[in-house]
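Chains: A, B, C, D and E, in written order; residue numbering restarts at 1 for each.
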């Protein structure tokens, strides 16, 4: 026999699937990059600065809580980067940077670190951050600016660079100066709700609208989401059931209440639904692990979205629907524990 | 509060004693504070009234009941609508004020609005209570452009006198065309719409009853100038 | 998710698809290894009571001679794998890590490969009772891994009746291919063994289940089927753990073994192809089980393949014969999913050993060792063939809620297949947690 | 059970301030704590009103403690508390309608603030009036302090003001969330976190000190 | 008199103006009894039940008080009558339905004098709801309470299995969760507004 080798003793199984947390998260970042790129192309410098600020704020907050707690550096798992990117993508393009930094801080601290970090949170951190600034700065977060204006790569929106804690200047006069006629400031959902104007589906798909930085092009989001789904990095059942819930509720409402009947196609491709369904509802930390639970969760989010959009005070409901879905997840999971193999008497 | 096995005497004595003591204290307080509270309330109402009926210095209260418009000397019955009439120092009717409310963004918005029988229009509104988002929904108070909607908001009655000639509607910011339209605040469309809805519903219910009876309140009778302090519920 | 399997082969729900790594070994015919100088033969190579030695130190034995007898019904005898002299009966390390009483046999140099013991018997003339006794005498145990005495399994209790014999040719573990070669090279003994097992259990029907990555074996066996149609061959989806008896029964027959129950409760007996082929070979000659085929594979092995090895050979000897590089760090008896890692190279090959796997450093990246918190990705839930909720079980285990795990979340239905640990992107050692939890619960109960 | 001990010490007063602070330590009477603290002035008014009820009912119950039979004591306490709450309610209406409207129903809900009933049951009914008074004063001060802790943070951040006085000028962008219900929860949670953090740090350094001595 | 429709009253009380998350009523049981789902649910049911009882009582007493013009005794009257009514119901329940009593009974004394109950009685009076409206309001408030406490209990049970940092264990994290839940419920604001 040869020299005695160094023997390692490990427990079964001795094989492991190639995926690990870092790889999954890194791929989500990859999938978000095209969306971020499109947002920058569409809205220009302001969005670029916003993406950087918010992500940085998330990373710094994460690091701060690392230091307060275990001392273990968790930036390497990329999850805080995802939180930052997604959060920035859900904010209005001209959102003041300092408010973006506040959002990032709230996302990681209130949404994640408080509960023990990765995997321990109950609600989606990015959305906690957004809900926080939505409640804190309701004016800034409902201020929309036009897309594709000339000079977007050479100038910031005036509100972007507002000084910390100070009120951002109004963008109205700036928008008028830009003299864009193709895209007004209002989002498709607001146009629909308050003025009864329906945006073209093609425009919704290709992103020829305004809205939050990263939500405009439904098609691009779909493609990036499908990339992840095919690589099994996200659970395709969630976006599918969310979209199913939206379609189903829209159709049901058109039977019950034809006057307000939402158009299912419009509901699906407008607002943040695509981004929410593919990237935020699908965050596995806040969604059920049981198959039946996933179905209920998705349908709940989809139907809440439509109900809030149609009957609520807000034009958009995806964020709140997902947060409520997250909150309901523990209950959903409790009532949908899987039936184990051989439990039902088979006759 | 276990019942049994206690001498009933002291128990009853204590309860009755405490109840009497408490009643006494409450009644005393009530009587002692009542004038102040009434005064506070009168001031509050009049401040609001004189704001929405510019120029008014005195007031009288009326009820719209099944029988028509009567002075609010009796107790208000369910279904009655209370309104206030404002007069100038010569006793000439300047306008009337009534309550309106509708669901806003966060909760009900309560308003007092002033109606001018001469121009058949609303001359001003005062928000009594709101829980809208500060900075957004509370623009219905602070935004001068919005407040300007109520300098002369047309509420002419239709020919049959049973409803408004034109319903009050809130339109998107910057698209106001007619005197009966309210130009919404951009960014607070919901609160703006709630104001429109509240006015519309109240005016639709009140004015057809009020306008035919306007002579009844046209002049004030002397004895009622000061005596009338009706309690308004919070 | 079985979305893409709507029109595929029969299968069960959930499970995983690890890379099979069988291309080399699956094509390598079975070869025989020489005797080592010393054989270490544990007395507890099977489930049940250990065998009782019937030889003394210094005694000479010949190849095939019984050296230990069964202790009661759930036990089997042991036969000498080679001609030689008994060196003693001592405590020696085994694959389970514990030391166990073992017979040490010093093999004579140049000892013959011929089996020198055993009387031919005519199976057709035997009563069922005698047949089962003959099976016990042969020392047969399940070669599929569990090493459960075959005669016990083939004795159907009076209150149950069995209608189908399922023959397990799945070999779902990566790397392993001994059953595959067995089916290709020895189809006739296998058919014989199946008929014996059908007689012993009184079943009229047998189904051989083979994963569809071994279609050559399917065809070979189909060509050897008896005319009467009592035996059939069915290809099933290649998916781990297809070879687990509960899963295979579900795939082939659509029946579910009740939770906590055994196949006999739904009229099925499952045997491994290796077991039945061995039975078909040994019974007519009246011989005992003294050697078995193991797959030796893994990145560290120079000549991977399938080798016929005398029981009791140390794995160090096997490795020296097939050649391996020095940088290996992990030695596994069996497949990578369920086989235990061994701590010493003098661990012997036993009746239950189906393979020897050598993994080296590149297979065990440092990164995969890092454990993250559960991110609730549900992959384990979608992998668990028993439809448990490993994610929740894992969280409970981390908080030491072992009783809740058993009482509310079916811990005891976990058969430790490792699918959940395999897919977990957070690298949580779920199976390990569950094993500890079960052990602690058992201790508490005792 | 507390022994009947008639001496009044600093502790009689101060335990309510910190160690047994009804809000931070015992989490009692949470509803008014969160509901009316969106401005410092409301917080102060609520604190004073509650303190008044606490004092008055404490003293009265203490005076009557030998007369009240056990079986009806809770009913009696509630009636007494409700009486004083009604008095406060009218008093505030008489002082300022604006304040009254801002505090909403929460003045009347002082009746069910379990801190008051708890004090009545656990302290006033067992101690001399003067001692009950001092203790109630401490509890009331502690309660008011806690309300102010919330009210100040929420008003400063949520409106840029303190007691209605503008702090940062018109350019300041208020954090509206702070005056909303969610802000109430979060600010109180943050205070509790802060206190807990200090406590743990203190415990840590104390245990470190012990190690050093050895 | 109030013209709000029954469905609006109900939905508003459940969601947009949820008693716990938007109006800050009933926080003590909400924070205190939401640790476990199997105590939170009976607590919620008991609260809803008491709300219905007190809504009916308050409606009745208010008519008497207004009739006698002694509205200044409202607070005292409400609290005494509600407390006694719940006591009575409790005793009846004990006698005629011991099963139900065992399920809800232990919670009843805890909530007779809780501010959600009294708040409901006061609010329905301020809002001048008629009898049916009051009943629906109580039903909505109770449902909203059950919803909030169940969601909270679910989340807290989940947190029990996570690695909370040492400083956030205890009440602080419950409050933060309440805050986040309250943030989430803001999505219902304005529901049925237009």
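In this section, contacts are C-beta pairs under 8 Å (C-beta built on N, C-alpha and C of every residue); 3 or more make two chains touch, one makes a residue touch a chain.
Computed from a prediction, not measured in an experiment: that's the story for all the values here.
Peer 1: Quickly list, by label, the chains bordering both subunit A and subunit C.
Peer 2: E
Peer 1: Computing the C-alpha centre of each chain, which chain sits at the greatest distance from subunit C?
Peer 2: B
Peer 1: Hey, how far is the Cα centre of subunit D from the one of subunit E, in Å?
Peer 2: Computed from C-alpha means, the inter-chain centre distance equals 22 Å.
Peer 1: As a quick test, compute the distance in whole Å between the mean CA positions of subunit B and subunit E.
Peer 2: Chain centroid spacing, subunit B to subunit E, equals 30 Å.
Peer 1: Counting in whole Å, what is the centre-to-centre distance of subunit B and subunit C, each centre being its mean C-alpha position?
Peer 2: A distance of 86 Å separates the two centres.
Peer 1: Mind pulling the subunit C residues that touch 2 or more other chains?
Peer 2: 373, 392, in rising order.
Peer 1: Would you mind listing the residues of subunit E that make contact with two or more other chains?
Peer 2: 72-73, 76, 126, 162-163, 168, 173, 176, 179-180, 183, 186, 189-190, 192-193
Peer 1: Could you say which residues in subunit A touch two or more other chains, in rising order?
Peer 2: As it turns out, subunit A has residues touching two or more other chains at 110, 116-117, 119-120, 132, 135, 138, 313.
Peer 1: Please give all chain pairs that are in touch with each other.
Peer 2: Applying the touch criterion to every chain pair yields A-B, A-C, A-D, A-E, B-D, B-E, C-E, D-E.
Peer 1: Using the touch rule from the top, collect the residues of subunit D that touch subunit B in their complex.
Peer 2: These residues of subunit D touch subunit B: 64, 67-72, 74-76, 79-80, 82-84, 86-87, 90-91, 93-97, 100-101, 158-159, 174, 176, 179-180.
Peer 1: Note which residues of subunit A are touching subunit D in the complex, please.
Peer 2: Against subunit D, the touching part of subunit A is residues 110, 132, 135-138, 140, 162, 165-168.
Peer 1: Mind listing the subunit A positions that touch subunit E in their complex?
Peer 2: Those in contact with subunit E are residues 69, 110-111, 113-117, 119-120, 122-123, 128, 131-132, 134-135, 304, 307-308, 311-314, 317, 319-321, 323-324, 327-331, 334.
Peer 1: For the complex, give me every residue of subunit E touching subunit C.
Peer 2: So the residues of subunit E touching subunit C come out as 160-163.
Peer 1: Quick one: in the complex, what on subunit C touches subunit A?
Peer 2: Checking each residue of subunit C against subunit A gives 16, 18, 174, 246, 250, 255-261, 266, 316-317, 320, 326-332, 336-345, 357, 359, 364, 367-368, 370, 372-378, 381-382, 385-389, 391-392, 409-410, 413, 416, 418, 421-423, 425-427, 429, 431-432, 435.
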